[in-house]
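Chain naming follows the written order as A, B, C, D and E, and within any one chain the residues start at number 1.
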Amino acid sequence: MSESASTLAFYLLAAITVVSAVGVVKSHNLVHSALLLALCFIGVSGLYVLLQAEFIAAVQLLIYSGAVAVLLVLGVMLTQRSSMADSNPANDWSRWALLICGLLAVVILSVVAATPWHGSIAAALENSIPVVARALLTDYMVAFETAAVLLLAAMVGAIVLAKGVEEE
Amino acid sequence: MNITLLTSEILVVLLGILIMLFDVLLPRQESRRSLGMMAVWGTLGILLYTFTLAGPPATVYKGLYVLDTFAVFFKQLFLVSTVLALLFSLDYVQDWSRNQGEFYALLLFAVAGMMVMASANDLLTIFVGLELMTVVFYILVGFHLEQVKSSEAGMKYLILGSASSAVLLYGMSWIYGATGSVVLTEIAGKASASPAVLLGVALMLAGIAFKLAIAPFHLWAPDIYEGAPTPITAMLAMGSKAAGFAILLRIFIVALPALQDYWLIAVSAMAVISMVGGTVVAMRQTNIKRMIGYSSIAQAGYMLAGLMAADVPGVQGMLFYAMLYIFANVGAFAVIVSVSQQTGTDEIEDFAGLAQKSPFLAVVMTIALLSMAGIPPMAGFVGKFYIFLAVIEQGHLWLALIGFIMSMVSVYYYLLVVKTMYMKEPKDSRPLLVGSSIGVAAVASVLMTLFLGIYPAPLADFAKAAAQVLW
Amino acid sequence: MFHEYALQHAWLIPLLPAIAFVLIGLWLRRVPLLSAGLALAVSIAAFLLACGVGQAVIAQGITVEQPFIQRVPWVAISGLSLDMGVFIDPITAMMLVVVTLVSLMVQIYSLGYMQGDPGFGRFYAYLSLFVAAMLGLVISVNFIQLFVFWELVGLSSYLLIGYYFYKISAREAAKKAFITTRIGDFGLLLGILFLQILFGTLDFAQLGLAIPAYVQQSGTGLLTLVALLIFLGPIGKSGQFPLHVWLPDAMEGPTPVSALIHAATMVVAGVYLVARVFFLFDLLPVALQTVAWTGAITAFFAASIALTQREIKRILAYSTISQLGYMMLALGVGSVTASMFHLMTHAFFKALLFLAAGAVIHALHDQNDIFAMGGLRHKMPVTFAAMTVGVLAIAGIPPFAGFFSKDEILLAAAQASWPLYLMAVVTSGLTAFYMARLLFVVFFGPEKPDNHPHEAPLSMCIPLGVLGVLAIVGGFVPYTYHFGDWVRFGPASHSGLDWAIAGTSTALALLSIGLAWLMYGSGRVSAERLAWRFPGLYRLSYHKYYIDELYQWLNQTVVGGIGRALYWLDLYVIDGIVNGLGKLTLRLGDGLRKIQTGQVQQYGLVLFGAILLVAAWLVWIEPALMGGVLS
Amino acid sequence: MIGLVHYLTVGTLLFVIGLYGLLTKRNIVAVLMCIELMLNAVNINLIAFSRFITPELATGQVFSLFTITVAACEVTVGLALVFRVYHDRDTVLADRLNWLRW
Amino acid sequence: MTVFPFLTAILFTPIFGMLVLACLPREAERMIKLIAAVTMSVAFGLTAYLYWAYDFARSGLQFTESIPWIPELGVSYALGVDGISLPLLFLTMLIGLAAVFASWKLDKRPKEFFMLLLILLTGVAGTFVTRDLFIFLLFYELVVIPIYIMVIIWGSTKRVSKEYAGMKLTIYLLLGSAFMLVGVLALYLNAYPPGSRTFSMEALAQAHQLGHFSEEFQIFAFLLLLLGFGSLLSMWPFHSWSPDGYAGAPTAVSMIHAGVLKKIGGYGLIRLGLLVLPLGAKFWAPVIVGLAVVNVLYAALVALVQKDLKYVIGYSSVSHMGYVLIGFAALNSVSINGAIANMFAHGVMSALFFAMIGHVYDKTHTRHIPDLGGLAHQMPRVATGFMLAGMASLGLPGLIGFIPEFTIFVGAFRAYPWQAILAILGIVFTALYILRILANVLFGPRRPEFDHCADARGLELVPLVLLGSVLVVFGIFPQLLMGMVNSGVEPMLPLLAKLHQAPSMLGGLLK
């Protein structure tokens, strides 16, 4: 990809991501929010591609845009019996929230700007999947196994909690 | 690659899976108490096994997972608290119509997460271990299907917990970005006072402080303590908090000592706010679990004060305190479970006349609470003594003064409970029968609390050995 | 040799009654006869020993300059050692004999007077305690011993005044006595402390040597203060103005007690103290002047009150105060001899007067008002005789005892300063007047039909007889045997009677008695008319110059008021701060608790607000601070 | 040239937007969505650092994998809890959850 | 060394008795009381033997025992008594024994009561016998909680509720101890370099002599200790727990608290404040003297207007503690002798007072002074007890109170004459309030409503006889006490002599 193309792609994807994220937050319809969330996830996965992390981008699409978004929509459907029109209201503290978020953004952005990043000049790995795979099963083996237990526990827990609803 | 170092974690997970399997195999009507006993004995066995782990530090692979005295200390701490918490869970959950097997199994998974946290030497493993623990706790907090408060507590915990996890993770990402590494020992060499690192430090500190229920990141704690099933409240107060301290110490002592000057002030402010705020608000509580929730905020403040010393004695004091806090909590929660079994609620008023209905429980409760307050000859005094000794040595006399004053003020609300138990007449004359497993937990708590208070040397030595590993 | 034995064992004199006190108090209380028997036996033994000591003083030539001293350590710590001991010189010997003799008489008298009283055993226990304390005081070898027994004397007088503890008046009188004397003791204690600090010793003999040397070196300024502080003690104990108020009230005790303590012996402890430490006062003219003036004012002032009082014991009490003033006056003008002489004769005739008054009261079933009495001379001849002797003795009519001692005092006063002499003489006239008034009102005039008096029993008459004889010869005999050679300070000053002074005072006394006869005996001059003519003076005198009221006000309003004010301060300020802090903490708890709204997103706001603060602090502020510090 | 700073800026924006939603959305499901946004922001950071700071090690990529896993678990459990709350309280609004307070 | 470990035996006798009691059924009331009595008798007997066997000539710490306890911190289980602690230990056991008998008629939950009482006594005794600061702290706070429980269960509600009184007492003293704890920790850390640190009191005192404590440090640390020990000693203005607390507490607790517990404050000031931080003590001495004078006069005046008997004695004890403080702060051997002896003396007399008040309250159910009167008619023995205690309290010679007070005056007069004069003025006010209650409670006309009230008899007489005889015997033979105390003070003489030149806060201003 040429540099200008990638620049353009970046801005486009960034815009998609940020705007759809704002949409998630601002939309009054929960279903719209969920769909915008999926769009946002897609934008993020596009950014991953730009960052040459294709594997992660794929995972992002699969898990986030696929599973998580669908799960959320499912949740919306199951708990929202009335109309969707005003299903996603905001509370009364938005002013404070805006202040805090704004200031936090200022702080973080100032950090981004002020930090002397020690960037590596090395090019990205052509194919990062083997590296990731090796890291997962060697260096981060314990974390990997732990994550497995985590998934098991989350599954069991989710079933137990959700089943309690079904049977009654 | 030395997989045997993971034996204890593996055993805990296997035990959990085994319990789930047995749960399926057992006929539906049969009492699930056996599963609980299995968990207790299994955990006890693993605990005994951990005593063989003492030795020079060893790493699993490339130093990302270490088994040193520090890790062993915390693993034993988690296992001890689990054994004791399980002991009084038996009676608590036996009325549940189902899911008892899952309850024990999930609890064990949480313990596995804590154990991973204790050993993890990189941010990634720490994070995953932490998430294993907290996600399981989200579930367990909301696990009491018959109690409305339980699901509310679970939901609140999940929202705030996830947000704080995101903050912690965000902080980790900045550290990673600034240093190019997630391994603690490598970070130590590269961390400089660049804005990104400082931001990372701030966010991680906040994220961990949330798990520790340090003020002003504590707001979840009282609600969740009140709403959660009592054994889970106990585990949150004991295990979760201790695990939080384990990673706090690992990260800040091992990885970020160079920035000590920066985070110490924030830490001291948080410690003071916790000690004062937790104590002051606890004075006005009427629910015993909620009161212990607030008091645990103050307790976390005392422990955090030990970090102010940022040296071996300080950490030694924190470790010592974390251990004795287990025993104090076990005693208190065992009594709370017993009383609420009979009355059905957790209000302090329900303790009226306990000294006459069951003098044993009243004594256990008194000793446990006084240990938290730090009154000799209970262990709590020695713990505070170690911590503030170290703090004063580093010149923070004012902090010790605030700490001691607050611990004496805290006696006020602990004594309110004592007063209710001893002075008020019981509402009904039914004698309170103490279940055998609860009795065992209570006796263990009292004996250990008194033993550690009177003869702290063995545990103190152990804690010192553990603390020295970090340097 | 008995007197040798007595001298070596003089410490037994106070110890024996003390043992009697313990025995009676703990076990014998319930058995009246045994109690009284033990107390009497002990008193007799003490009297005999005291006589032995007296004999030894004469036989062995013990003088004021060469006393006989024994000491045993009592308390010894680094930097302070206190002894107990025996200090015998002629003054001590005289006091021992007088105290044991009078107390013996009173104990015999009480056999009859207190007969049938439910607290008979207790009474004798107290009496024994008193005797022990007084004797211990007399033989004191140093200030601390003196102070110890001084206080014990106070205690026993407290107990005896409050003997009828069920009477509110007795209880209050006892309290008053204790507290009033305590004020004096405060000064005495301070004085003692000063001496201890200045000289490192409290021993009389050692101080007697050290003080003159000190005066030579450092002058008299501080020592005068010390002496005045010490003198506060005698003011309290000996009922000197302005701490005399307890003494008249002390008459609430049983009459034998009044005789023993508040007339004859205890109250002279103050006088004795000044005499004992005269080596100190002698060097300090200012202190001496104070003593003299205090004595003179007290003498006159008390006599003026006694003129108008109606209660028989009260009149006697004021006369006691007055006579004590005389003794102080004598000391103040430098005559230990005169003072001690008067002390002795006063002990005899005042005990006699009180015991006789007791007999009257006893006969009239606790009637105290003299105007309710009258014409008793027929029914109670012995008592009448005793009273007459007593009155003549106190009025200073020769050859009764009082004449000689009073004369010596007047002489000494005349030699010192004429205002003092004038006051003394006028007082002596007043004394004769009110004593005669008492005698005439009680024993002459018509009999009151309501009274059914009877003569006192034998046990009460014997002491009256003995004391009567002593009141007659107690002045003349010592006078002829040169009392002043023994009991003195400095060189003996043996002067004969000054006929001018003696004549004046005797004439004045006779005149006063005559006036009293006119007013109360024959009724030619109306006392009421006189009182009506000078209403202010009369009221002032009758109400004792309102000094009691002043003290009452001080105690109730000033001290009590300060106490109440401080209590208010304690409750609402000091405790208020404490409680306020507690409440504040609880309020704070309530307030902070309200942060916990249960709204998860508000928690989130706080949480992230805090995160923002921490982040901003670490990222912005702290590096700036550190940079500032570093650069 | 698009560099690290750009990606970090996007991440930052995503993080605060998610945070804003977390603090203001009443519906719990929406709150869960916002948490996902925040986690995605972290992932952007991680991947960007991985690309620009440690391109040869891909540590950030590994990290982000775990983040995604954890996020999935959280959302699963979160939704299960939403069902429970909905069952118990018949609401999915966060501000109705105020039985536990003070 | 195979000497019998007397102090350990004394310390553990009550614990052992407590454990025996724990095993008894709660209905066995008489048995419970008997065992408590036997336990305390044994402990008292052992202590009395020690008092007798103590070798004056050798002075210093005797009957020592020492076992390393927490070597890392330099803590050892070290016991020993000297002329300062032995009288206080003796006092503890004496009052403990008396308190057991003073509670003989207690019928509400006796098992718990006597168990707590024994724990309490162990705690108090422990502070006096230990030579190790750490162990001292353990025992120091051990006593607080039993007292709280005893107050709220067996106490009485008058002007303030017993819950309030108990809580106030507890929190107040604990807050004070917080300052003290910090002071102690600072002391420990500054005494020796890491590695050779120790909590041994002798070693800490040694540290001063080696010059390890700078003057600034001593001044600061002493202030912390003063706040702790001073509030325990009810130093003005930290005294307000004392009257309320005593009024709320049951008889036995009032006896022990006023009798011995308070004295731990004075003991600590001498043991730590003076011996370890002499320059600090010297610096603050003028302040302490000033406050102590306020203590004496203020509390005496307030006692004068009290209506509740226990409040009078409560304030009276505050007033008497002023004398102890003056004696301490005058910092010479005579005054310190007096301060220690006065702690003993006040302990005995206040315990007797509270025992008698307890008896009166048991029988008449009131402590309100205007409601009482003429009790000498119905209760002559109790009246005797009151008289003895009262007379000792106002410093009557021949009873125990006089010589200690006199010694304090002599010592204080030397150092602070003007303050001493003010303090001595206190004896007048003391007489006022003591005589006021004696007169109003004991004397006056017989009141028929009290005719049913029995005098103390049988075992109830034990406190009176025990404490009363100590009052008298030690009063007549003060050397029994003063000799002992002096043997404890004598080793301080060089220190005190050196202190003489040390600067104090107000310089020579007030001297």
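Please note the rule applied: a contact is a pair of C-beta atoms (placed from the backbone, for glycine too) under 8 Å apart; a residue touches a chain by one contact, two chains touch by 3 or more.
These figures come from a predicted structure and were not determined experimentally.
**Student:** Looking at the contacts, which chains touch subunit B and subunit E alike?
**Tutor:** Chains that touch both subunit B and subunit E, as defined above, are C.
**Student:** What chains do subunit D and subunit E have as common neighbours?
**Tutor:** Joint contacts, listed by label: B, C.
**Student:** Where the centre of all protein Cα atoms falls, which chain's Cα centre is nearest to that point?
**Tutor:** When every chain is reduced to its C-alpha mean, the one closest to the whole-protein mean is E.
**Student:** So which chain is farthest from subunit E, going by the mean of the CA atoms in each chain?
**Tutor:** Ranked by distance of C-alpha centres from subunit E, the top chain is A.
**Student:** On a CA-centroid basis, which chain has its centre farthest from subunit B's?
**Tutor:** C
**Student:** Centroid of subunit A to centroid of subunit E, CA atoms only: how many Å?
**Tutor:** From the centre of subunit A to the centre of subunit E is 70 Å.
**Student:** List the centre-to-centre spacing of subunit A and subunit B in whole Å, with centres computed as mean CA coordinates.
**Tutor:** Here subunit A and subunit B have centroids separated by 31 Å.
**Student:** Any idea how many Å lie between the Cα centroids of subunit B and subunit C?
**Tutor:** The mean C-alpha positions of subunit B and subunit C differ by 76 Å.
**Student:** Once you find the CA centre of subunit A and the CA centre of subunit C, what distance in Å lies between them?
**Tutor:** 101
**Student:** Hunt down the residues of subunit B that sit against at least two other chains at once, touch-wise.
**Tutor:** 124, 127-128, 131, 135, 138-139, 142, 145, 154-156, 159, 163, 174, 177, 180, 195, 198-199, 222-223, 409
**Student:** Subunit A: which residues touch two or more other chains?
**Tutor:** 91, 93, 96-97, 100-101, 104, 107-108, 110-112, 117-118, 120, 139-140, 143, 147, 150, 153-154, 157-158, 160-161, 164
**Student:** Touching two or more other chains, which residues of subunit E qualify?
**Tutor:** Subunit E, residues with two or more chain partners: 171.
**Student:** Mind listing each pair of touching chains for me?
**Tutor:** Taking the chains two at a time, the touching pairs are A-B, A-C, A-D, B-C, B-D, B-E, C-D, C-E.
**Student:** Write out the stretch or stretches of subunit B touching subunit C in their complex.
**Tutor:** Listed in rising order, the residues of subunit B that touch subunit C are 155-156, 159-160, 163-164, 167, 193, 195, 198-199, 201-203, 205-206, 210, 216-217, 219-220, 222-223, 261-263, 265-266, 277, 280-285, 409.
**Student:** Tell me, which parts of subunit C touch subunit A in their complex?
**Tutor:** Going through subunit C, the ones touching subunit A are 601-602, 605, 608-609, 611-612, 615-616, 619-620.
**Student:** Under the touch definition given earlier, write down the residues of subunit D that touch subunit B in their complex.
**Tutor:** Per the stated touch rule, the residues are 4, 8, 15, 18-19, 22, 28, 31-32, 35, 38-39, 41-42, 45-46, 48-49, 53-54, 59-60, 62-63, 66-67, 70, 73-74, 77-78, 80-82, 84-85, 87-89, 94, 97, 99-101.
**Student:** Given the complex with subunit A, which residues does subunit B contribute to the contact?
**Tutor:** 1, 6, 13, 17, 20, 60-62, 64-65, 99, 102, 105-106, 109-110, 112-113, 116, 119-120, 122, 124-125, 127-129, 131-132, 135-136, 138-140, 142-143, 145, 154, 174, 177-178, 180, 194-196, 198-199
**Student:** Going by the contact rule at the top, pick out the subunit D residues touching subunit A in the complex.
**Tutor:** 1-10, 12-21, 23-27, 29-30, 32-34, 36-37, 40, 43-44, 47-48, 50-59, 61-62, 64-66, 68-77, 79-84, 86-87, 92-95
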